[in-house]
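Chains here go by letter, A, B, C, D and E, matching the order in which they are written, and residues are numbered from 1 within each.
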């Protein structure tokens, strides 16, 4: 199995709404290397730029600055066959299990189009077979699913079809933007299981986007924590979850409602999330940070603190001997 | 399907009426003698009877025949103008919304600028500036449609814009569809209720505009268009003279045509409204 | 009268083209003053329907088919429409699912509070009402100037807390919060839940938190009621539910939960939740149950009641 | 605003229904685009004399007499009434007459400019009350056509002491207070109505011309619309006694009015045809310069397709008004029509014949063949016979004519558009339904419409009502010889018959109907309307004609 | 800034409308002045040659002899200052004077009926979508929707014939009773009002259906909104919910359509004013159309366009007061 690489170089995004500017994503660089396949979580609260990042990686959104390189080439300048290759190999599973379906078509449409597009040679029967296999792989009964309209299926079924779509295409890189936020606890496990098996069995690199750190902790190998478009902390998932360094990450981890009577929310005084950001220089978390210092008004860099553990916080001095490159720490 | 029609009563009745009108006209067109829709064909001023189902008018037209031909001609004007307006609207709306940028700005701007100009008055200006010998049912339709494509354009545009943001479009893109395929296979089918509603509104406008043009003497007056017949009855003081059947027949036909369209419009509204549809 | 809330045999159906869906089947529930109950279950299991039925807000095609909802000795289902109108918000209040859109976008928050108040006390003076509004805002930790704002100027968490503020405005005896946090991120989620807890404590009402996030239940509830396909299959204190769940469904649910300790393990519940229109015979859970008994396929289990209004509905336990 | 008019009881008020379209405030007869005598301005402006058509007699008015003082009709002497005076007290004198005439002669924006320029040499005031007009050529009809007020022709006399001081008489509105000689003063004019109050100091009463009018106030109420449109609403208002008279109506409508209100009567009382003959017989005018109408056979073929009896029956409820003449059959003209010479021509040429077969023969002879749609065709073109007309007055007849033509293979259609008149005036169209407002006493004026001096080239404007563009030296010769002759001259009668013969033979246009004025007279408040039984001064009952002033002034209160 | 933008937009609209009205008639060879005089010649004794001379002299007076572009700029300049030129038919009256004379009648009729039909139509539409409304409301709303198809002519004739003529409870036609002298007494105003009732009804029914239809669709959407449901949870009376949480929100988008509706109602007003003999703008317009008074036609087209454009701009300026959500996006 050949590998595919997707590289983000100084990618950032600025939205302009009227006169207002929203820095949805501040410059970020990292690559998804093919082997070994991993699951990288991008976490952060609502509006932190997760979906923006995903859309840019998928080539659905033009970055304001920087480039997205697929196999070393800028995706906006790919030639016909390269573009098709990019499309086939970089895929997504989206958050809203209803919105991904075109209400006009039966659910088959979602699976059939990519098969037809990416495997033009297949016969009708072969296509059907591919669809059935994919559905079974996510624990669905093809006969119960095919030929029905999206509104006739439950949210969990729809979400799993969505994952089945990724299986059918067999991409090298999968961006999963909140694939389980809309389903209930018991189904969540099923879907995540399907994602993990994609990595295991098909060597798919997965960017798992979520604000749910519980599941992130369970499925992923490493994590990038975003806050207002900037990376706050990144690294190996167990390291970050078990000993978060950045105050924001600490807050996040502390706020996880673990389904565990042993691990109740502590009484730590958390910063009020209502406080709106002051744009401009400085740490994005400054206004909410319980430990803020005057020097935090200068923008911190993302620096290594431990092996496979980066953070951008002026409270922590960088370890100069460690590699600061984001990719190498994921 | 049947259940759906049971629930969407307006659509059912509207379609029913429309089918009735179509059958009435088709049956009529196959059986009547066209000449009887024009003056001097039958005994004038006869009230409805078995012989003259809808009576006859001052000029000696058989009003049943006039109605058959009139519904047909009115439908042609409505359909032509409606179709033309809607198609232009769809094309421009799609172009504008999908390709955005300068094209969008220009199209949207033109539409917005033209919208406050009362279309009918411009139609009057045009109709009174062209040679009357060229005023046929077709030119009528053209005149009507000339300034009525902006509304569908704006509606389609805004629908496509919101549609474009829907996730299934992103998914289609990821599935390797190109822009054209996305427009026609993904977005277009979902706009059908809106397009149908825009079309119905266009037809409505066209039928009324042709009626008003007749009122000011600008239509193809010899033809038994419904509007022409109603206005002719008014010109001959039909009501005062006791020839009530003369204006009433075509008026009822007009009410049925437009009413059925309004009901269909209402039904399509329900269809396009996800809150209702989702209950299925 | 020991119990504040006493629901018995509550049954609700939805009548649609496909047929009758029994969304709530003979549900019993008792709650004491100040108790906090988590109502969990898969999507579509009837959680919201239960809340709405208590509010008498089931709308066509839904219909309350039987049972009683007694609060403080009065059966809500027997009241006249007008009297029920008075009870809403003042006796029992419901903070709806999707609070994001629950505030009228064109009215100021203040106005929406005043409306709620005036509906119950038409003659009260504005000053009086404003005092209460300020107090409500304080108790959800929102600055008073939020009253002068419009909903679109608030963040999701703030909107949710405004809804809570409205919900407690008249100090109801029972607060039902229907998935108040499912659209929020963890930090905000925590803030909202803690607000809810604090407020509940302050006015001493009972709280029913609807949701399917077991984590939130573990964090803040006293008792948990587990619903499956329109029935409460188990009610137990939170401790028992998490440590030794009784019903096989509850057991499966608990073991499917991700925890710190079991990283990388996934144990979903096999099979699909049944359609309410085509319910399996006998126990509704039996097709997915790993401890199936012969009688499960044929007979519906009855309640096995433990002390303190806790019960389980399963053939594994002796009916009482 | 701000009017404070005295209240006048309904019994003393005359209410007339009319479509008022002229601009508010224009009362000056010289205002070139807005003035019309029809909208009750005839109550303000008077002529030298009037003509009572039904008595066939002249009614001297501002002039006591008006006589040709040279036997070859080259001089006319006018003697004004000694009492005649303007409403501001200034006497009406020769100065006013001379001013009026000179203005017409010198100002090309005035309607009779062409006549004055053609005939009048000089106008001299002999004394305060005597004016002599010298003509360039014999002008036997000038006195009647131009100086006598009747129907819609003739000129009123205007006050020199007012208009001579105005810079541009064509743009001077006049307004409510302009001095005038007629019996009523305009006291209010808005978009809805014009109100005129009686001038109790009217000179004509003092001069013994007439007794003091009983109508104290005239309200001309705007019924809106184009003349002839929306008459059902007007009819209902007549039945309700809101209007005392209105403009004329279709026969079916007036019949229904009479049936519903017994107080309403008509010229012929409650018998058809409910009206009197207007001076405005309607023809299907044909542009004789335009292919294929330039071929007389085609014109004749079209005439042969017109079934005049059917027209009488369908449209006019049996009133026999279909006609073969380009003039109305008033006494003098009826005598001419019944003369032996004309009768002989009629038998020979059969101008009223309805004969589709013969029509088809002529079309074939003209080179036409019948195509698949049963329409005549030549060189791949059908006879594009769009009949231009006015919806208000022609919406009953034109559709029927169209169908008659179509039944005979002529590809006819209707145009009631706003360009109808222009099409015809410019020679763009072939057919036009319109009246001949010309002859009243002898046929000269009607026949003169087809003189080649009016045969303008296509694309240029044909003079008023000269749409035929006919040109025939033989015909011109007859007309030129007739011009200086009086109507009673036997030579004139002989020449006129020959000219009518050519009109019929060449089918210069296609005469269709005599025009009837069917005016409802409501006798609830006012009686003594001019009718057959009670001719009054002999004037026609149209209150909008120049003679309308006489109609109003002679009404008697019903109470 | 926003105000200036809207103003610019209005100017652009007026400019394009005047450009259209300027050029369309010039595509064909109709010369309005000639047309008008030819028509006048019908009555009088003009001869062909004279007529052409008169036409020429008037064309000069109207500036028609100048180069096309010059004419165009003069025209646009005129329009921008509300100077639409003079009426050919009612010379020397200016078009603006004619509009001013007729405007009071039209404003009375059109404004009142448009607003009434807006209110009634939206109320009925909202009630039709409101689940608590009695069944018959749906019937009423459906019949209103069907009523759209009734030609106003027929409605006008029926009303006149049965209500005014047969029953005799309202005047048949006209703006006020014959012979009344207009003044500002209560009696006169009452008389005028009585005369406006039937034409008003005829006009209202024409536009009612559109409002009902769109409001109904809107209502269905709003009625399921979470805030309406939450309002019920708050124990508000259905009246309060209907008024403040449902109608008010559903009405917002309708307000934008109101300005446009005012422009469109003129079409039916033409017919209705003609049949009822009311001297309003529609009546002036149809008279102008029938008598080829081109400058008046264009003047009225432009006047209405300006009015609609200004109204639309006003609505847009005022809209943020009604809908706070828009307020933010603006600046």
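Brief remarks on what is shown
Going forward, a residue touches a chain if its C-beta (ideal position, glycine included) is under 8 Å from a C-beta of that chain, and two chains touch if they have at least 3 such contacts.
Predicted model only: the values in this text are computed from it and were never measured.
Averaging Cα atoms per chain gives one point for each, and the point farthest from that of chain A is the centre of D. When the interfaces A-B and A-C are ranked by how many C-beta pairs touch across them, A-C comes first. Chain B and chain D have CA centres that are 45 Å apart.
Chain centres here are Cα averages; for chain A and chain E they lie 56 Å apart.
Centroids built from CA atoms put chain C at 52 Å from chain B. Averaged C-alpha coordinates put the centre of chain C at 91 Å from the centre of chain D.
Residue positions 128, 217, 234, 239-240, 280 of chain B are each in touch with at least two other chains. Counting partner chains per residue, chain D has residues 229-230, 232, 236, 418-419 touching two or more of them.
Taken together, the chain D residues at the contact with chain E in this complex read 1-5, 8, 10, 13, 15, 21-24, 26, 32-34, 36, 108-109, 111-115, 152, 171, 173, 188, 190-193, 195, 217, 219, 221-226, 229-230, 232-233, 236-237, 239-240, 242-243, 418-419, 421-422, 425-426, 454, 456, 460-466.
On chain B, the positions that touch chain D within their shared complex are 38-40, 44, 58-60, 128, 132-133, 135, 217-218, 220-222, 232, 234-242. Taken together, the chain C residues at the contact with chain E in this complex read 55, 57, 59-60, 85-90, 93-96, 98-108, 115-116, 119-120, 150, 152-153, 163, 166. Residue ranges on chain B touching chain E, taken from their complex, read 10, 112-118, 120-122, 124-126, 128-131, 204, 208, 211-212, 215-217, 227, 230-231, 234, 239-240, 247-248, 251, 254-259, 261-263, 265-266, 269-270, 273, 275-276. For chain E in complex with chain C, the residues that touch the partner chain are 131, 225-227, 229-237, 240, 244-245, 248-249, 252, 322-325, 328.
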